[in-house]
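Each of the next two complexes has chain A plus one other chain: chain B in the first, chain C in the second.
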Partner chain A sequence: MRSRIKRSIKHNISTYLMIMPCIILLIVFVIYPLCWVLRYVFYSYDGLHPEKFIGIDNFIRLFSRDRDYWKSVYNTFVYAFGKLIVTVPLSFFLAVLLNSKIKFKDIFRAIIFMPTIISTAVMSLVFYFMFNSYNGIVNQVLIKYSLIDTPINWFGRDLAMVTAVIVAAWGAIGNYMIYFLAGLQTVPEEMYESAKIDGASYMQMLTFITIPLMGPVLQVVLMLAIIVSLKGFQSIMVLTGGGPAGATDVMYLYVYRSFFPSQGEMSFAPQYGYGSAAAVVTALITGIITIIYLRISKSHFNKY
Partner chain B sequence: MKEPLKNLLHILLDAIKYIFIISFCIIIIYPLLYAVLGSFKSNYDVMLGGRLLPEQWMFYNYVEAWQQFDFLLYTRNSILLGAGVALISLFVSSMAGYCISRREFWGRKLLKKTILATMFISIGTVTLRPIYLLMVKVKLHNSLWPVVLIIVSANMGTYIFLISRFINTVPRELDEAATIDGAKPFRIYYQIIIPLIRPILGVVGLFSFRAAWNDYINANVFTMSKPYLRPLTVGVVSLRYGVMAAAQWHIMLAGASMSIIPMLIVYAFTNKTFIAGLSEGAVKG
Partner chain C sequence: MVSACTPQTAGTIGSESESVKKTDILLWTAQRADIVFREKKLAEFNNANPDLNVKMEAYTEDYATTLELAIASEQAPDIFQVINNARYYVDRNMLQPIDKYVTKDFEQRYGSLFKIDEVNTVDGKLYTLAERGITFRLIYNKDIFEKVGLKEPPKTIEQMYEYAKKITEWGKKDGIYGYAMPLKTTSSVGERIIDQLAYRNGFSFYDYKTGKYDFTVMKPIVNIHRKMFEEGIMFPGVEGLTIDPLRTQFAAGKIGMYINGNWEIAIFAKDGQFPAQCNWGAAPLPGIDTENPSGKTDIKNAGKSFGISITCKHPDLAWRYMDYLLSDEYLAQYQEEGYGTIIVPSAVKIAKTRGLPGEEDFAMKESLDMIWPVRPDTAGLQFEGKNAYDTYAAIILGAVDVDEALNDLTQRYNKGLDECERAGTVKRVIIPGFDPTN
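What follows is the complex of A and B.
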C-alpha cells in the first residue's frame, strides 16, 4: 500500500506541483483559520490579554444569557423569509414573461440582471441616501404623487427591516431570474406545442407543464436563496449597521462585531473566544436549516 | 364574432406584460441613475433631493474626489485588486481543474471532497481574524496581498468545478495522443487544454474580477488602519462614517459612481458571458 502511494506520488510529481497552489491556499486561508476558530471556542481571549481556557463557558453564556444574539437570530429569519417571499415568486414571474414571445428580450434580461454586477456595499450606501427620511428621494416622490402625507421614517424601528428586505430584493431578483430562465429553456418546445393542439390555455400550460418541470431548478434557487439570505450581512451593515437598537441586527453581523468591534459609530470590546463560539453556533444553525430544507424538498419531489 | 374580442384581449394582455416588465426595469435602473446623476450635483442640490437631474452639472465633483479625497488612489487599488484576483484565480483554478478532470493521482478524491466541503461550510468573516494575525506574523499585512488571496480562496471551489466540468467535455483523445508523443502533463495543460477552454476561462476571469472589484468586507477589515490601501468600495463607505459626512454626499455619490460606471461598461460588452456563465452553473449544478 505504502509503496504504491509512493510510486503514485513519484510518478505524478508534475501533477502535484500543479495542484500545489490550490492546496496551499486551502490550508492557509480556509483550513487553518477554521481550526483556529474551533480552538478559541473554549477560550476567553480579547487579543490584548493572555488567553484563558474556560471550557464550555462561552456556550453557556451564549445559550443562557445572550438575548442580543438570539434576537439577531430571530431577525435573520425574518430577513431571510422576507427576502424569499419577495424575490423568488417575482423572479420566477419575470423569467416566465421573458421566456414568452416578447420583443427586446435580451435588453430586458440584461437590465434586470444588472444589479448583480454592482457592489452591494456601494449600492446600500446609495439606498441609504434614497430612503433617508427627511430629504430622501423615495419619500419626496411618494409625497409628490400624494401616496403619503408625511415623510416615512424608513430606518425607524418598524420599517428598517422592510427597507433592508427591499434593498436586498433589488440586488437579488436578477440573479434568480437567470436561474429560472435557464431552467425554463430546458423544457422542450414540443410539450407546449402538443398541449396547444389539445386546446390547453396559457394558464393551464403554466400550472401543468412549466411549474412541475421547474421542480429541480426551484429547489436549487430556494436553497441558494435561503443560504445567501441567512449569510448575507454586507448590505445591512452599510444600510443600518444593525440598528436602530438592534432591530435589523442579523447573526453574521453580530459575530462579525465581536471580532472587528470598531465599525462606524458603535464600539464594542473585542471577544475572539466568545465570537468563535457564536460563529460555530451560527454556522450550525445555517447548516441545519439547509439540511432540513434538502430533506423536505427531496421527499416532496420524489412524489412526482 | 368572437375573434375580434379574443384579439383585443390578447393585445391587452400583451400591453400589461410590457408595462410590468418596463416598470420593473425602471425600478432597477432608477437607483443607478440616482447615483450617477447625483454625482454631478452640488452637495446642496443632493441634500435638497427631489429632482433626478442636477440643477447645474458639477463635473468638478470628480476632480475634488480624486484630489482631495484620495479617490485616485482608491481607483488604483481597486484595479490592482481586480486584476490580481482575476489572474491568480485563473492560474490556480485552471491548473487544479485540469488535474481533477484529467490526472489520476493519490489524494484526488480527498482534494475534491475538501474543495466541495469548503464551498458549503461557512463560518463567515470570522476567519479573517486568524488570517489577519497570521499576515502580521509574515509581514504581509501592509499590502493588498492578503485581500487578493482571501478572495481567490473564497471562490476558488466554484471556479475549479466549472473548469473541470468544461474540460470533461473536451475529447480525451487529444491529450492521449500528446501523451504518446511524450508530452508532459504541464505541456498538455498549457498547449492543448488552455486554448480549448477559453470560453470558461472568460467566465472565471469575469466572475473573479467582479468579486474583487465589489468586495467590501475583506478589504474593509484589512485596510482599517491603512487608508492608502483602500479600494473604492471601502473608500466610499468610510466617508459615511466620517465627521463631515453631511457635507460630502456629493463626493460619496461621485465615489460610488466611480465604482459603478466601470463595472457597467464591462457589463455592456460582456453581459452575454456573465449570463451564460451563471446559467451553466444553474442547470448542471
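What follows is the complex of A and C.
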C-alpha cells in the first residue's frame, strides 16, 4: 500500500509541483483569512488591544439593534434587482444584434466589451464627474436639447441609487454580452433554416428557437449576475461612498467600513469582530439567494 | 525597502583621504505638496553633514496603514510624520520619547505650544513638537457680497443663513449659490464645519468637565445647515460634493460662502491648484445668537510634526535632522515659500508673509484659535452604529429627525465610552476647570 502511494507520488511529482503555488496561495489568501474571520465572529477586537471573547454578542447586535446593516441589505437588493433588469435584457439584445450579419460587428463587440476591462475605480470616478449636478456633461446635454430645465441632482437621495445602477450596468453589459454571444453560436443553424422554410418570422425564431435554446447560458449568466450584483460595492464606494445619508449603502460596503472605518484624516476604531460577523451573515445571505435561484431555475430551464 | 540606520563607508571627504562612515536615516512623510521644498532642504542638510545620509520617502495613499505595517515588520523609517495624536502612536508602540534631546531653547521658542497633553505628550513624555497649524475661517466671495449689497461677512449663523438666501435668490439663474459644504466627505463636514462652529462658540459635543457626550448642544448648528439644504439655498448637488470640486466652483465665482482651513490660501493663489477668478476673503466663524462669540476654533494638526520611530537604532542622529527640521529658519522659509502656516512663536516672528489673499484673515490669533484637548472618540472609542459625522450629514439632508438622531448619538457614544473605560481600552478625559473661553 505504502509503496503504491510512494509510486503514485513519484509518478505525479511534476503535477504536484505545478499545482503547489496555487495551493499555497489558496491557503494563504483564502483559507487562512476565512478561518480568521470565522474565529473573530465571537470576539470584540479593535486591532490594538487584546481580543475579548464575547460569544454570540456580535450576532445579537447585528440581528437586534443594527438598523443600518439591514438598510444596507435592502439597498443591496434594490441595487442588484435594478442592475439585473437593465443588464440582462440589454446584453442579450446586443448579443443577438452583434450575432447577425452587420458590418463592423467585431469593432462593436470590442467597444461594448471594453468597460469590463477598465478599472472599476477609474470608471466610477469618470462617471462621478459626468453625473455631477453643477457642471456634469449629462446635465449639460439634457439641458442643451431642452429635455430638462434645471440640472438633475443625480447624487441626491432620490436618484443616487439609480445613478449607481446605471454605472454598474454600463460596466457589466459587455461581459454578459460575450456569454450570450458564445451561447448564440451554439444554436444549430439548421434549426433556423428549417424554421425559415416553414415560414417563421424573425420574431418567431427569436421567441421559439433562440431564447429557449439559450436557457442553460441564461441560467449561468443570471447566477453570475446575481452573485456579482450582491457582492458589488467598489463602484458605489467611489461614486457615492454609500451616501447620501446611507441611500446607496450596500452590504459589502458596510462590512468593508467595519474593518476600515477611517475617513479622510479622521481615525475611527475598527471593529474586526463585528465586521467578521457581518461578513459571515452577508456571505450567507448571498449564498442562500444563489441556492434559491439555482433551485428555481433548474426546474424551469430543465423544461427545454 | 531601504534599510534604515545602516552605517556605510562613504567616499573621501575634504583633501585628506580620510574615510567617513555615513549613517542612513530614512524619513517618511504623508504629504506630497511640500516635497520639493523638503527635498531641497534635505540636500542642503546632507551636504553640511557628511556623516549622515538622510533620505525621504512620501506615502500619501493610506499612510497610517502603511506605517503600522512597516513598524510591525521592522521595516519602519527612522523618522516619520506624525499625523495623529501622540497617544495613538504610543498606544501602538510606534514612537520613542525625545525629551533627552530637546534643549531648554525649544521650551522658550515654543512657549505654550511646547507640551500639549495627549497631543504630543503622553504621561509626561514628549514625542513630537509643533510645526504647522490649520486655522478655520468662513471663506466668502467679496465680489458677490458687493453685488448683492452685503457690506461685511456674517457674524452670526442666522446672518449666515440670511446672506446665503439673498445670494441664492440673486444668483440662482446664473448658477451662483449662497453656501456650500462637501457633504460627500461627511468627516470633513463634521470636523471642519460643524465641530469648528461649536468650538468657536465655546462648546463641544464632548463635555470635558463631566467627561460625557452630549450631542444635543449641536442642534442649532446642524439645524441651520438643514434649513439651508431644505430651502434650496445650498449649492445644488452638495450631497455628492467633495472639497476639490467645491473649491473649483468657489474659484469660478459660483459659491458665496463656505467654511474651511487655511489650505485655501495657497490653493487659490495665482500659482496655486485652483487660482481664484474672484476677490475673496476669510472671516472668523459666526456666533450663535451673538456677534461676539467667546470661544475659539481648534487649530488642526497643531502640536505635532515628526517623531522618531521606536525601531530607530540611532535616535541621536535622527534627532539631529529633526532639530534642523524644526529650526526657526527652516520653518520660516517653509511659510515664506507658501507651503503652509507655521505656528511656532519664534519662527512666526521672523517669517515674512507673501501678501497673498486670505493670508492675514487666516493668521493664527489668540482671540480666535486654540488647541482643543483630545476627545475619547479620536483616541480609539468603539461604539455601535453610525458615527457623529455621518449622522450630521443625515440630519442636514433631512433623512432623520434632528432630536431623535442627536439623542441617539449621545446615548450610543456614552454607552461606548462606559464600556471602553471598563475594558481599559480608552481613557475618559475629564478636565474639571475646562473653560475654552479663556
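By our rule, the second predicted complex is superposed on the first by the 283 of 304 C-alpha atoms of A that agree within 3 Å, B and C clash if a C-alpha of one lies under 4 Å from a C-alpha of the other, contacts with A are read in each partner's own complex, and residues count from 1 in each chain.
Quick note on the criterion: a contact is a pair of C-beta atoms (placed from the backbone, for glycine too) under 8 Å apart; a residue touches a chain by one contact, two chains touch by 3 or more.
Keep in mind it's a predicted model, so treat the numbers as computed, not measured.
Engineer: First (chain B), second (chain C), both or neither: which does A:58 touch?
Structural biologist: A:58 contacts neither chain B nor chain C.
Engineer: Once the structures are superposed on A, label A:66 by its partner contacts, choosing first (chain B), second (chain C), both or neither.
Structural biologist: A:66 sits against chain C, while chain B stays out of touch.
Engineer: On the A-aligned overlay, A:128 touches which partner chain: chain B = first, chain C = second, or both, or neither?
Structural biologist: both
Engineer: Quick check for you: in the superposed arrangement, does A:76 touch first (chain B), second (chain C), both or neither?
Structural biologist: Neither partner.
Engineer: On the A-aligned overlay, A:28 touches which partner chain: chain B = first, chain C = second, or both, or neither?
Structural biologist: In the superposition, A:28 contacts chain B only.
Engineer: Classify the contacts of A:91 with the two partner chains as first (chain B alone), second (chain C alone), both, or neither.
Structural biologist: A:91 contacts neither chain B nor chain C.
Engineer: Who touches more of chain A, chain B or chain C?
Structural biologist: Comparing touch counts on chain A for chain B and chain C gives B.
Engineer: By the touch definition above, which chain A residues appear in both interfaces, chain B in one complex and chain C in the other?
Structural biologist: 128, 132, 135, 262, 264-265
Engineer: Where on chain B is chain A touching in the complex?
Structural biologist: Answer in residue numbers: 17-18, 20-21, 24-25, 27-29, 31-32, 34-35, 38, 46-50, 52, 91-93, 95-96, 98-100, 103-106, 111, 114-115, 118, 120-131, 134, 149-150, 152-154, 156, 160, 184-186, 189, 210, 213-217, 221, 224, 232-233, 236-237, 240-241, 249, 252-253, 256, 259-260, 263-264, 266-267, 271, 274-275, 278-279, 282-283, 285.
Engineer: Going by the contact rule at the top, pick out the chain A residues touching chain B in the complex.
Structural biologist: So the residues of chain A touching chain B come out as 5, 8-9, 12, 14-19, 21-23, 25-26, 28-34, 36-37, 94, 97-98, 100, 102, 108-123, 125-130, 132, 135-137, 140, 170, 174-175, 178-179, 181-183, 185-186, 217, 220, 231, 233-234, 237-238, 252, 255-256, 259-260, 262, 264-265, 272, 275-276, 279-280, 282-283, 286-287, 290.
Engineer: For a test of understanding, state which residues of chain A touch chain C in their complex under the given definition.
Structural biologist: Chain A residues touching chain C: 44, 46, 48-49, 52, 61, 65-66, 68, 128, 131-135, 151, 153-157, 160, 240-241, 243-247, 261-269, 271.
Engineer: Of all residues in chain C, which touch chain A in the complex?
Structural biologist: These residues of chain C touch chain A: 64, 83-84, 88, 91-92, 175, 183-188, 190-191, 235-237, 239-241, 245, 249, 254, 377-378, 380-382, 384-387, 389-390, 393-394, 397, 399-400, 423-425.
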